[in-house]
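Shared between the two complexes below is chain A, which pairs with chain B and chain C, respectively.
For the complex of A and B:
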């Protein structure tokens, strides 16, 4: 009997199968893009439940991704060595929350532990999401879209205009993040397979969380909000609180993805915060069918992988724009095979009759 | 700050503010006719500038501007024809996503056609270094063209909507499409006209600012954000409000840049937008009672 978790098992099997396939065909270099794809997928998993399930559009998720990535990059590259005498830095060093080493040129380099930086990144993203979410989530439709777009733009402008964040160059030389013995989030051919499994493991974990959320009391409340917010409120659902919690949850997923991808690629640039990135995430959710978690994950895996491998060439952004328009015009419910197939059959029949 | 400098900042703020106001009015026209915000409005501004620049080698400046405005209006009509006309009661989310997708496609098409190069129309009178002196401040003569165009657009539009048959029919459709249709007004045609009008106004704005701010394939996006900010501040659908709010935003930005780094210029406008949305989404000039009837 197909249960709630069957698709999750299929996804896990696919992840393992894909890795074995690349190993068998000697194309393990694909794993690099597949790993990056996994992190982008983590963002759309959060966006999928926010947009598709609760009906709240966000055009600012690249902002949360960038907050995660930039916080991590800044904290793990900021050299504490010259400030070692100051109480905060000294305390961090004594408690082992800062790591010392030598940089490329042999100078003393003391930076915050990546684990602590990661937690800081998540906390910052959550804090910003609360601050932004309280006023913004009261809005609907155009107003919500524009407000979240505005938030994304502010993040983009700030990272682009702040010299401490590398301005147009972004931040680089981000150290590896050791998750467990033998598993460190870093680039390079050696840890490719471990990184691949770590990244997709996170996606599966995220999907599991979302799945359980959807089938909980909170999930039903969110579905009610999507259907009719006033009616949901009349039923005694604290709509504002539910929307805010969900917004924060999806922001944390985006920030985690940003932070880990930054460790993986060793740096982050302002383009990760751009509007086009936010629009891309929305496009993927739209292609996946808005409220369809598995469709979204599939669409994300396919589109991100092709995009990262450069198959779209100069038409990269145009492909995502075209996806948005095409999907919303012809299949606003997504490419769920049956519905689209039914419409196609009806269309063909209609043709024959006339 | 010396008084000359203050005048300089104020005038440059008013100039850019009137451009924001024109873009906001473009938003309002489509919003009033259809209830949707056209996220591709900024692309009309870019197209106007780019088309005029492309026409320029073959014809005098005035004719190039007219051609560009007409061509953009045609594109506006085409967009409505191809994408919006046959959708039945689409949800707001769907419309937002479609217009965003269209704006990307237009921008990418512009990138393919015109490349990444930054271009500009020549100054309508004089050249880059000619200036006129107003109250001790030095200004480019193009400023007068921008202000004049904005004033003419506001005036002509208010006459159009108040006095002409088509204008009144459009207002009727905005108020109640069903009732308007029962009176024999072709509601769909009115929406097509709204798209054309909005595109034409955007294109005209793109032409007059091109000598000062230059035109690039992606120059529409930031103008669209500012235009939307102004439309919200003035109250969506309220064009007089948009004109006042446009000047306000322009002056605020100009004064803010004299204090804060230029890199944060957009941050100010967007922060204002967020504050306005949080505190008073009905706009600055709409009575609270009237705003309470609307859905946000």
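For the complex of A and C:
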């Protein structure tokens, strides 16, 4: 099918172009926010296919993001040195799955290898997604929205109330994660460009997987579930199983984003698990046009970047809430849909008349 | 006589105080066209939903191809080779006609989510096969010209044809048609009769619910008559037309 990958190539070119532009204009400090934007965009890519394509809303994806981030932060900062004699810690050390070093003050510090912590983060998010998804995905529409909202709220209150997770302060001093030789997920000006490409590379990879999925047998099954669940079942589609698998996939993407952003910024706080974060992801998918992967990525890049640069000031959350309300009122099909402009025009005309 | 393809045994379903399907028993022989008729509210669609697994039964058994499929979920029933259409056509409005029919090939293909994401080589061959098969079915139904049209934008009669093509993509042994002639004009109904015969010629057994008596009498090998959830008659069209109980139910006591 010619042209399917064209937007992906355009996205790749934009990513490279943006980096070159910041280098040329001496504004490479923008890359920090652009890198963070990429991780938030990865969440939205997963949410786009879940909501837009399969029609299953989730107002709890910040919960999965936080599960990823907090699991990573906890496992890579929890000091195993005092427990080095215990069999599990000893085994981890012997197999190289734990790394030893010294902390800021020179005390012995032994922590889990970031790669293993990353896998644990993904596995935990997947496990939680299965446990939550089985009962919750039987619900539809508003009920599903409320149930996932409740899940997000639980994660938020748990991280806020758990001293081991830093309570209101969150966790910090998360070490770097060496993803590949020369690519170290960590803050700091030195690795800025590598981190930028690693993060957007992941977005492009995620988009590629989602794009392939949309044009496959499973993708048709997901769209069929969105179109008419009873008909999908009558055609032999195990709708519960497909919804669950997709939910787990999107949760894994969110957890991966959370874990890597935590390495990048060196820590994570409870605000990442907040309800407004979940609303923000949903608002971005709505602005992007629900099933429109490219619109969603574009909306995410723009809105997240502006937000991270602080352009929205104290109205940060209000902007995203406003986006959601505005989109639902005037453009439920997304900004690109032609009907949107007709509706806006009609609304303006109606206003004038009264 | 060989064993029937479908055996319905003492099937029951209540909705609160309403006994919608009451002790229904009948068989459908292989390669027969069997019709279920009855006044509105007789329980015909409920009976279909029970057979297809869209509703759980309160009691009784459904045996399909010698296997009990009682209370199987709908997707498993479909996988066993039992396809259906809906009284109020249920197409996927978010897809075009060809894609709708391709969804019908779901149970005849295997690629899962991971295979789809990574475009495993065998999935591409499978996709090509599903697409080709869907195209053949559009030809069979004489709607090949609609392949790229959004399913939601079609005329009602065309939507019915797409739904039948989609059901046939399952390569079913038994096809349940729920009021296939509803909303069709005389000419379209005539063509539907021909189509149903053509489908039977493909070795597919057909069970249909229908109100259009001329169509039912014309194509059916056998007819089951329901009234208020109970079977009141079963037999060949000529027998049913003379059956006093059927005449009473349809026309009132004076005519019996």
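In this text, the second predicted complex is superposed on the first by the 334 of 354 C-alpha atoms of A that agree within 3 Å, B and C clash if a C-alpha of one lies under 4 Å from a C-alpha of the other, contacts with A are read in each partner's own complex, and residues count from 1 in each chain.
Heads up, the rule we're going with is that a residue touches a chain if its C-beta (ideal position, glycine included) is under 8 Å from a C-beta of that chain, and two chains touch if they have at least 3 such contacts.
Because the structure is a prediction, the values reported are computed rather than measured.
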Chain A as common anchor, with chain B and chain C clashing or fitting: fit
Contacts of A:145 with chain B and chain C, given as first, second, both or neither: first
Which of chain B and chain C A:216 touches, first, second, both or neither: second
Which superposed partner A:286 touches (first chain B, second chain C, both, neither): first
Per-residue contact with chain A, leading partner among chain C and chain B: B
Touching partner for A:239 - first (chain B), second (chain C), both, neither: second
Touching partner for A:174 - first (chain B), second (chain C), both, neither: neither
Which superposed partner A:227 touches (first chain B, second chain C, both, neither): second
Which of chain B and chain C A:249 touches, first, second, both or neither: second
Minimum Cα separation, chain C to chain B, after superposition on A (Å): 6
Chain C partner contacts - residues on chain A that touch it in the complex: 209-210, 212-213, 215-221, 223-224, 226-228, 230-239, 242, 245-246, 249, 291
Contact footprint of chain A on chain B as seen in their complex: 36-37, 83, 87, 90-94, 96-98, 100-105, 107-109, 112, 221, 225, 228-229, 232, 236, 261, 263-264, 266-267, 270-271, 273-274, 277-278, 281, 295-296
Residues of chain A that touch chain B when the two form their complex: 55, 57, 59, 132, 135-136, 138-143, 145-147, 149-151, 153-154, 157-158, 160-162, 275-276, 279, 282-283, 286, 314-315, 317-318, 320-326, 328-329, 332
Sites on chain C touched by chain A in the complex: 52, 54, 73-76, 78-79, 83-84, 86, 90-95, 99, 102-107, 109-113, 115-119, 123, 126-127, 130, 166-167, 170
